């Protein structure tokens, strides 16, 4: 396939590392500045996706499938986390009628 | 491997038997499972075998068995001590116990893994039930809040960890521990990818064990979570996390020891100070425990910072003693059962219930590291190991022990103090259950004689 | 081995015996310990080597017990003083009939004996720390009002101090094959590492002795703690530190001596003078005695550190003397406080007319405290000051002022409380238990003042060996 | 610059832009939609990386399942309004600073990175195909695979435990 | 019995007495108590006497070892030679008389038993002091007598008015003594350093050996230290102010301790160490001038004292000064001679004053007395003898002993002689003043006192009479060679072994005529003072002024040269100030402040660190990110 040779053709590994780093950082940024817990959860998903992308890039680079298998597991975990996270949010919403993380500051000091 | 299977089967059994709404039966099932797991673990001592010989995903060497067995013991204690609470919601009794056992499953995987796959999965299996359990007092907003905080920071840390694993994989091209180890041993020049990956993984670990500046979740979560869960986090989760930590850094990354050692040393110092200083002014008991736990993480990190042949053992012993002390204190806290969880509520405990008071004092002294309790020997082993390499670090640790004594002692004084009036005793009745007393007894015995046995 | 087992067993059994029998039980238990100590002393022929209590298994660290002359003296002292403490509290119903108290005192005795008998660094440390717990509990359960601050101050202070010692022990352990004292002594340190080791020990001991300027915990603790606690502290716990200097600090790290001798000597000397001067205007009798104690032990510490045979011998004599005197003084203070309900010297007076026996024995104790000849205090201070004088004459003269200053504050205390016309309170004379306590103290003090040689013979070989170790290193 | 490079660059830029929009758009639903877009773009990247199966799974699992779940919860909790309070400006500044520094230091760390020799990018480099991955997953990695089922059960039990309405609360 | 057997017995008898009285005394009647005490001391005296006559050479008796260490050997050892036995005789002799006197004097005192116990213990301590064969034993006794002195000065501690002051006087005495003791102790250390032993005989052997190289500074130090010790015990400048205050004790105590025996311990010490002092002439000079100054100052103060015992006390100080002048001149035998006679007449005077006080119902102020000679004749006559003896009235004991010292002074230098003579003159002035005021003129006390006036019982007068006889004839012990060549210089010969090897008797080189002139001067001056005093106090009946009317030198004298005030300002106040301020501003504010400041610091830090835990999860994440950034920066910096 034509596309398979992309690494040789000048799209370097660094490109993907930087790309995923930036995506990851965007996720981090989201976690930091958003106060809606659901969005924060989404940003975490974005972070995980950045990792997935990096894994895939390395997989291609190293020429083994291991990393892609790893990506599957990351997806598994992401799904599990999303489930649990959302149920926590539902619970919280029931208790406090909000999902604004800024409101959850009773525990401190 | 067999123990994992046994554990899993009994978790399922517990979950299903719980539908009968007979809490005692559920408890018995769970305990049977845990005891059987323990037995299978013991049977594997000195006899590391693998279920799948072609792929050594998990590997039960003595190190793994030691850590797993301790985790099993702690889980038994926690289940016993928390039984009263679990029982109060009949339809969830099985869930509670099952989730704790799931978490234990994760912990066992985390100390026996052999590649990043299982490490990562183990970590998640360890964490996710705890996210849930932290919020398991559903009507309590604090519990939910702690759950949320733990979850957000935990998920974030998972992201960091995975990112780190990815970078590491990029550098080494493998997920296996032994291959990574070989890679670092053999290559003269290690790619920066590996360094960054290592640091990201380190950060994730520091989060999981609660070291500064990744510790912020822990006081809030310890405080908000139901007491039994707090105990579980302090004892089992920490054991699992540290087990994996020393496995990765002590084995896989030992080639880069010179690189990460100063960072770990610095963070150990920072953690000790943050934990101890924050604990000084606490008025809530579980927060105090949380900060003390942070401080203890600091001491534990010393083993990693110096990393000798006996580090894994020392660390185990330290965590083992710490676990007993914490579980004892959590049990006492549950007996006191103050709504506000004030330390002041402990006043008159020694008078009203001498045995509980005694165990509480022993546990606090053990945390403070007073000989001849187990906690002292834990510290002692760590310090002896470290002193020839880094005496200054030990000085710092001792200074911190000194600070720590302040708040432990204050608490002890509260416990042993005479109440101002006689009515005060009657007001504060401390209800105990036989199971809790058993737990306290076991902890006290372990704390008092554990050290001597080891040294002998 | 029975030396250690007896108090331990008695401590355990104390919890289950009937309430009425506690007082008698306590005395019997303590007496048995004293007898056990005397049996050991009778069979002891002075030499510099350690007599192991369990020779067959002394390589197990937690069974490595033994004594030399110094240790034996300390053991005897501990047993006798424990007996005295129990005896002198006999009439203090609230304390003496308490099972808790009895058990704690026996436990304390156990820990102290452990400190004096252990020939293993770690074991020493364990017992050292262990000894804090009973005192802590006695203080907590039987202490005066407003004790919390003093309690925390004292315990944090001493705990932190012992942590420093832990550092030293661990440090030197990392250079030695085992924790046994022979191995530790055999370690050769550089000056710098010697300073580390020495410094750690020193902090621990300086706090506990206590040396100026680490003494601030003491007056407050003494005033707030119950009499038995004060006695345990003043008579025995402080001696642990002095003993520790002789047994552990100096032999383990003599490399640091040339840097530290003058420092410690200076601290000791300042302490002697400073505490004495402060004692002069104290009106609380317990605070006054606390400062007096600071002053006296400062002299002992200074004497130990100059490491001459006479000063060391003097230190041993003075350790014994100070223990007895401390028990006597605090017993006197307690008698006054219990009967008058007041410790303020300015509000006391005229007791001597009402209670001549008490006045007499109090005077004997005071005389021993100001080291009048024919009391052991004189022998101790004579040798100490001579030793210090031999090291450096200026320090000798300065520490010698204790002879004068001690008179000033001791006699002031005695006079204000005992002399003058009778005041408006009723002061019954001594009960038999109190009298007997004073009597024993008096006999010992005078006997050692006239014939200290029996003590000197016991400790001399060990002290010679200590000096030898230092000289060789 | 070859076509592929240009494609990759454009794709990368789009991904980043879309990702940023997730964070910056204030309406939650819009964020979700941007996230789905991002997932699609990442899938495109996967294809570019010759990980075809991954690309499909990514869309199916993330965009298809997880994001729907998110949307569902969003709707359930009736949060689809633009009323999210803003983070404090201090936080914003600090967060941007931290994120910026994070990118910079990571990239800086990458500056002198050395890489293992790349694998022979042979024509037959097709480990991204489903049969290869399946092979790996069910032979070599069967244990983690099984263990992940434990994770799922745990998550499931947890989710049930948390989401189930208590009888007492209803009463 | 041999000397070796007798010697411990001499020592032990008073101890036994003290012990018996102390332990069993409360079951015994008063007479038995007093008799036990008195008889045992008397027995001791007779034993000592028998030793004295048996003794031909020094005898040492080792009792046991006190301290035996490498390089330090201190034995409890007794030494009997002429000097120590002579002192023993004085102590036990005068001691038993005073015991006898006390039986009467203290008969109404509730502390009767205690008093005799203390008195016996004092005798015991004093005997240790003089009989010990080394400086260590001497120090034992030295401090022991200090303690007994303390106990006896503060004897009436429970007195409603004066109890408290008595206690303070006792304390002052002990503390001042202690200052001297410290000096002595350091002297002991120096001796040990120089000679390696504290045994008199060994030190003497070394110091008098031919090949002994005199380490001048060392010996100066040693002797100065010994002298400091002596100034404390023997009440010399600067440590003399305790002695007048010590008069707070019962009068027999003043007689025994503060006149006859204890205060002469300093003299004894110096005589014992004479070979050392001979090697250190500078110390002797110091001693000479200190003694001279003390003598003058005390005599000056005594001039305007109105307390009968205070006058005697200052007189004692003055006489002790005179003794130190003698010692400074190297006139050891003369000093011992004067010690002996002084013991006689000063004990007599004190006991006499005791008898007076007893008669006056415990009144001590001479302004309230007068005309007592007809009420208490025995006391009057004996007191007169004592007064004459101390003023150096011809042919009485004081005349000889004082003249001997004056002679030495003259031989040394004439100005010295003149100053000393002046001091002697002052002695005569204040003694006669007191005598006349007390015994002549009108009775000035209250009616009640007058009503009670009575002569003391026999057990009080008998000792007075015996002492009066001794005061009269004591001079024969060391008659100058001028009169009777054969019997002359009995004491000089007695002590020639103790002060051997020194050129002592330079007075003998004075021509007889000079000696006669000196004697004549002394006699004339004494008589002149007597006549003038008689004129002033008996004929003119002039009375002491009230305190408020005093001016000029009289005021200074009456106020004791303000020395107590000066000492207060110089030593007592600063120490108290230091004690109070040190406690408040150093101990509490600084030291405690530091300790609690550290604790506070930790708590404050804890408070601050707690704030870090904001409760906002975004911030937690932010800190985590910062941590990661930090770690990676660490990497960038490190690699």
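Every chain is named by a letter (A, B, C, D and E) in the order it is written, and numbering of its residues begins at 1.
One rule holds in what follows: contacts are C-beta pairs under 8 Å (C-beta built on N, C-alpha and C of every residue); 3 or more make two chains touch, one makes a residue touch a chain.
Being a predicted model, the structure only gives us computed values, none of them experimental.
With contact taken as defined at the outset, chain D and chain E are each touched by A, B. Of all chains, the one whose CA centroid is most distant from that of chain D is E.
Chain centres here are means of the Cα atoms, and by that rule the chain farthest away from chain B is E.
For this pair, chain B with chain D, the centres built from the Cα atoms lie 31 Å apart.
Annotation: 98 Å between the Cα-based centres of chain A and chain E.
With centres set at the average Cα position, the gap from chain B to chain C is 43 Å.
Chain C and chain D, compared by their mean Cα positions, are separated by 71 Å. Residue positions 117, 121, 124, 128, 131-132, 135, 138-139, 148-149, 152, 156, 170, 173, 192-193, 195-196, 219-220, 282, 406 of chain B are each in touch with at least two other chains. In chain C, the positions touching at least two other chains are 156. Contact with two or more other chains is made by residues 13, 17, 27-28, 31-33, 35, 41, 57, 61-62, 64, 66, 69, 73, 77, 80-81, 84, 87-89, 91, 101-102, 104, 106-109 of chain A. Pairwise, the chains that touch each other are A-B, A-D, A-E, B-C, B-D, B-E, C-E, D-E. In the complex of the two chains, the chain B residues touching chain A come out as 116-117, 120-121, 124, 128, 131-132, 135, 138-139, 141-142, 144-149, 151-152, 155-156, 158-159, 162-163, 165-167, 169-170, 173-175, 193, 219-220, 223-224, 282, 287.
Within the complex, the chain E residues that touch chain B are 599, 602-603, 605-607, 609-610, 612-613, 615, 617, 619-621, 623-624, 626-628, 630-632, 634-635, 638-639.
Chain B contributes residues 365, 368, 370-372, 376, 380, 383-384, 387-388, 391, 394-395, 398-399, 401-402, 405-406, 409-410, 413, 416-418, 452, 455-456 to its touches with chain C in the complex. On the side of chain C, the complex with chain E involves touching residues 153, 156-157, 213, 216-217, 274, 277-282, 309-310, 313, 350, 352-353, 367, 372-374, 378-379, 382-383, 385-386, 389-390, 396-397, 400-401, 403-404, 407-408, 411-412, 415, 418-422, 450-453, 456, 460, 464.
Taken together, the chain B residues at the contact with chain E in this complex read 148-149, 152-153, 156-157, 160, 192, 195-196, 199-200, 202-203, 206-207, 213-214, 216-217, 219-220, 259, 262-263, 274, 277-282, 403, 406.
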